[in-house]
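In the two complexes below, chain A is the common chain; its partner is chain B in one and chain C in the other.
Then we have the complex of A and B:
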């Protein structure tokens, strides 16, 4: 059974009487132990997708208007807010780019971590919780875990704070872990350690991972499948092998061509995608990428392409409308 | 040519009510390099290695503890205001977040005219034409000068700068999306080709450094660990730290995901309390007893290839 099934998810920002579409028709599924990469540029809707799954959309300004979310076969949209809160932290967890904003600066790290157990495992004694915490920190490679429990967040380096967040997210062995750019603020050496950690834990515990990033290199290292978002829609989804070897959507192709590479000769011009990502308020018919696509046809300007064989593009598959 | 010799920037650590100096953070501790016109020097290293401090010291916005900066053989004196102003017209800094360095209450025209007024570039009547030419060069031609910074995207804001001979870029693309990053990197390379700009590129992204640099310096805890022509540094890195950095870079090719990697354990030590001997000894996979006692000399191991490491012989 899938851990997560998202069908036709749409999210709008509501401003007075006006509704601005932020996400449209997002479909995703995730199996146990699988890592799905969600790639795209800022404003494409990656983070919103994660927040919608967690039930953390900043309502009522931003709300889900359509679609179904199923977690381990159970519909999330019909659950009470209280029941969803029970899931968060225990069965599903999310880690963010900047751990400093997610940790309480005036509380010791240990008591913040312990709170999670007190809420979700009220029957455990405090000495058992302490043992679990020490084990949890050791699992994510924190040296001297006992001493770290008494630290305040500002006393920890960025890498250590992110490890704390991961330890917290994984404490109750969630079935689903959503990572939103967890390594973007870290140095490459620390990033490599954190990626290793997520990879190992997903393999060992069988946690399904939704990994949100703009860094395609990170997904090549980590993901089993990759979905690419553009302007609120998924435009391509393939196995990590296929998407890097033969990207179908012109946007994916453009993204892959525009990144500088270690193994590429230097001082050459990088390929660019002309123009800019459209604002969500911009009325745009057909494929939302068509103004920037050098292969766009009249069909692309008028008709929204459907996802067929891993790409939502009129240039691929049998598109009939 | 912009030359830097034995640059040191030490910040005092003060404690107690009397603010007595109890130690120093050696942010930059004996760094030398040269920046040629038409060439790019890449500076890499983890956060806290001192690369941004080098740029600030070069702009003379923070005081040097010791060392010399000279432009075309003329030493730059921080006390000489007239000389410093002329220097700052030739050497300029591009920051990571363009939104913060552009005054949100001034229009594009005002922002671009101000440095021209300060430096006395052109008559007031000619400035509009100069500004239009500048904007054309950076791919913002036909932009109304009455617009405000918030009306521009991040990539557009990053292009609103001035007209220097040397450009010090401190993480200019790290806050940008990849498609915009490519536009800015292309622009910098074009400006370099058309105007013979000398550039220093500071980035934590080694792929970006690889792409734009002719020479690369690798810094660690305020010291230069390795310094070599880019081609050589990336194909034959010598220093164990450079090797580990290169291995840690995520490669956009899943076929490489199981490549052998020399992973670093632990984290960067504090610059206020660096380890004795070689600064890298606490994380080095090739550490030897000598490394714990003596700081290795920075020596020219092969022509133009400099390194500070006991393990390389």
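Then we have the complex of A and C:
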């Protein structure tokens, strides 16, 4: 049974009477132990997808309008807010992009980590919690965990704080871990360590990981499958091998072309995708990518492509209607 | 284990380095502490009586009639007279009186003189008496005790309501916030003084009723500050992270938002205390406060301004009022200075 099934997820931003579509028809599935990479530019809806799964959309301004979310076979959309709150932190966890601000500045790290146990395991004694925390910090490679517990966030480096966040997210062995660009704020050496950590831990615990990033290099390293998002839709979803070897959607091809390569001479200009990501308010018929696509046809301009064989593009597969 | 975080410690150190604020805080704390045992310092009952080989402690406890000490009356012993009698008799009995041997309610009459009596060290009326013949110093001390603890009670109740509601408004936002804001605006426009006057004309307001009335019309101020502070904190990443952990709204408000808004709350405290003292004094001055003969600064001020020919009344109470308010303001200033976030920013 898959850990997570998302079907036709739509999210709108409601501004007065006007509804701005932010996500449209997002379908995703995640099996236990699998790592799914969610790639795309800023504003393509990656983080929003993660927040929608967690039930942390900034309501009432942004809300889910359509679709079903099933977590371990159980529908999340019909669950009470209280029940979803209980799932958060224990069965599903999320790591945020900014480790510098994700910890409360006026609380000791230890008491923030302990909060997780106080919420979800109220029967544990504080000495048991302390032992669990020390073990958890040691697992994510924090040296001197006892001492770190009494530190304040500002006394820790970014890498250490992100490890704290990861330790917190993994402490109760969640079935689903959503990582929202957890390495963006870190330097490259720490980034490699953190990625390693997430991979080994997901292998050991069997956690399904939804890894949100705009860094395709990270996904090549980490993901089993990759879904590419563009302007609130998933445009391509393939295994990590196929997506790098034979990208189907012109957007994915463009993304891969614009990665700097070691075998190019330093004078070569980087390939770019012309144009801008359309604003969500922009009315655009057909494929959202057609204004920037050099292979767009008349069909692309007025008909929305469906996802077939891993790509939502009229240039691939049998697109009818 | 109580370990303060380093930022709080630097704030406290900075507060300590602001001399007048720090000393004012110490003096005020001492005065508040001493006011709790005012009975030992200012009282018509003796601290200690040694009579026929045994010791008596009349300060607290039941009334000791004069017959206990061999007097010929059954009402409460006049310890000042007893002291005089013992020292004249010279039989080894003695009486230790408090610093100011008068209680704030007793009316002192002296033959051939009319109240108010001017200050007289020999009679131990160090600040004279008021127009009823009650010792001004005693009334000042007990009036201070009532005023300061009235302020503290007012502060605690208004802050609990204001902070809880403000946080809730700020955290929920949207229609709840808008609606409660409008209700508060309407409620703020109820004229407080008229309500007090109406209530005072029906019942005599006691300490509890007066505090409740003032809380009822005074809790709104804090909601505005807490509401905005909560808005600001709730948008920060650690709140989202706490929600991702499964923390509920009250846990987030209590454990994450409130500690981060502490400096705002602490900064307001001294000014609220000063406001509370002034408000009670003003109400008593107007005659809508605590009923006579409760010792009160407002009532003394009223007497003093009516009887400028007895300048010791007005000068004592004005001096006392100024001293306390200035000290409270110094504390407030020092806290504001010490907690000013702009002083902690280090520009690299």
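Keep in mind that, in the parts below, the second predicted complex is superposed on the first by the 317 of 321 C-alpha atoms of A that agree within 3 Å, B and C clash if a C-alpha of one lies under 4 Å from a C-alpha of the other, contacts with A are read in each partner's own complex, and residues count from 1 in each chain.
Everything that follows uses one rule, which is that a residue touches a chain if its C-beta (ideal position, glycine included) is under 8 Å from a C-beta of that chain, and two chains touch if they have at least 3 such contacts.
Just so it is clear, the structure is predicted and the values come from calculations on it, not from any experiment.
A.B. asks: Is A:140 touching the first partner chain B, the second partner chain C, both, or neither of them?
C.D. replies: neither
A.B. asks: Looking at A:276 after the superposition, I want to know if it touches chain B, chain C, both of them or none. Which is it: first, second, both, neither?
C.D. replies: A:276: touches chain B, not chain C.
A.B. asks: Looking at chain A, does chain C or chain B touch more of its residues?
C.D. replies: Between chain B and chain C, B touches the greater number of residues in chain A.
A.B. asks: Tell me the contact category for A:109 with respect to chain B and chain C: first, second, both or neither.
C.D. replies: neither
A.B. asks: Look at A:60 in the shared chain and tell me whether it touches chain B only, chain C only, both, or neither; answer first, second, both or neither.
C.D. replies: So A:60 only meets chain C here.
A.B. asks: Which chain A residues lie in the overlap of the chain B contact set and the chain C contact set?
C.D. replies: None.
A.B. asks: If we count contacts the way the header does, which residues on chain C are in touch with chain A in the complex?
C.D. replies: Residues 3, 5-7, 174, 236-238, 240-248, 251, 255-256, 259-260, 262.
A.B. asks: Touching residues of chain B toward chain A in the complex: what are they?
C.D. replies: 46-47, 153, 155, 177-183, 185-186, 189, 204-208, 210-214, 230-231, 234, 244-257, 261, 263-264, 266-268
A.B. asks: In their shared complex, at which residues does chain A touch chain C?
C.D. replies: Touch list, chain A to chain C: 54, 56, 60, 85-90, 93-94, 96, 98, 101-108, 115-116, 119-120, 150, 152, 155, 165, 168.
A.B. asks: Inside the complex, what are the residues of chain A that reach chain B?
C.D. replies: 41-42, 143, 157-160, 187-193, 195-196, 214-218, 220-222, 240-241, 244, 254-256, 258-264, 266-273, 276-277
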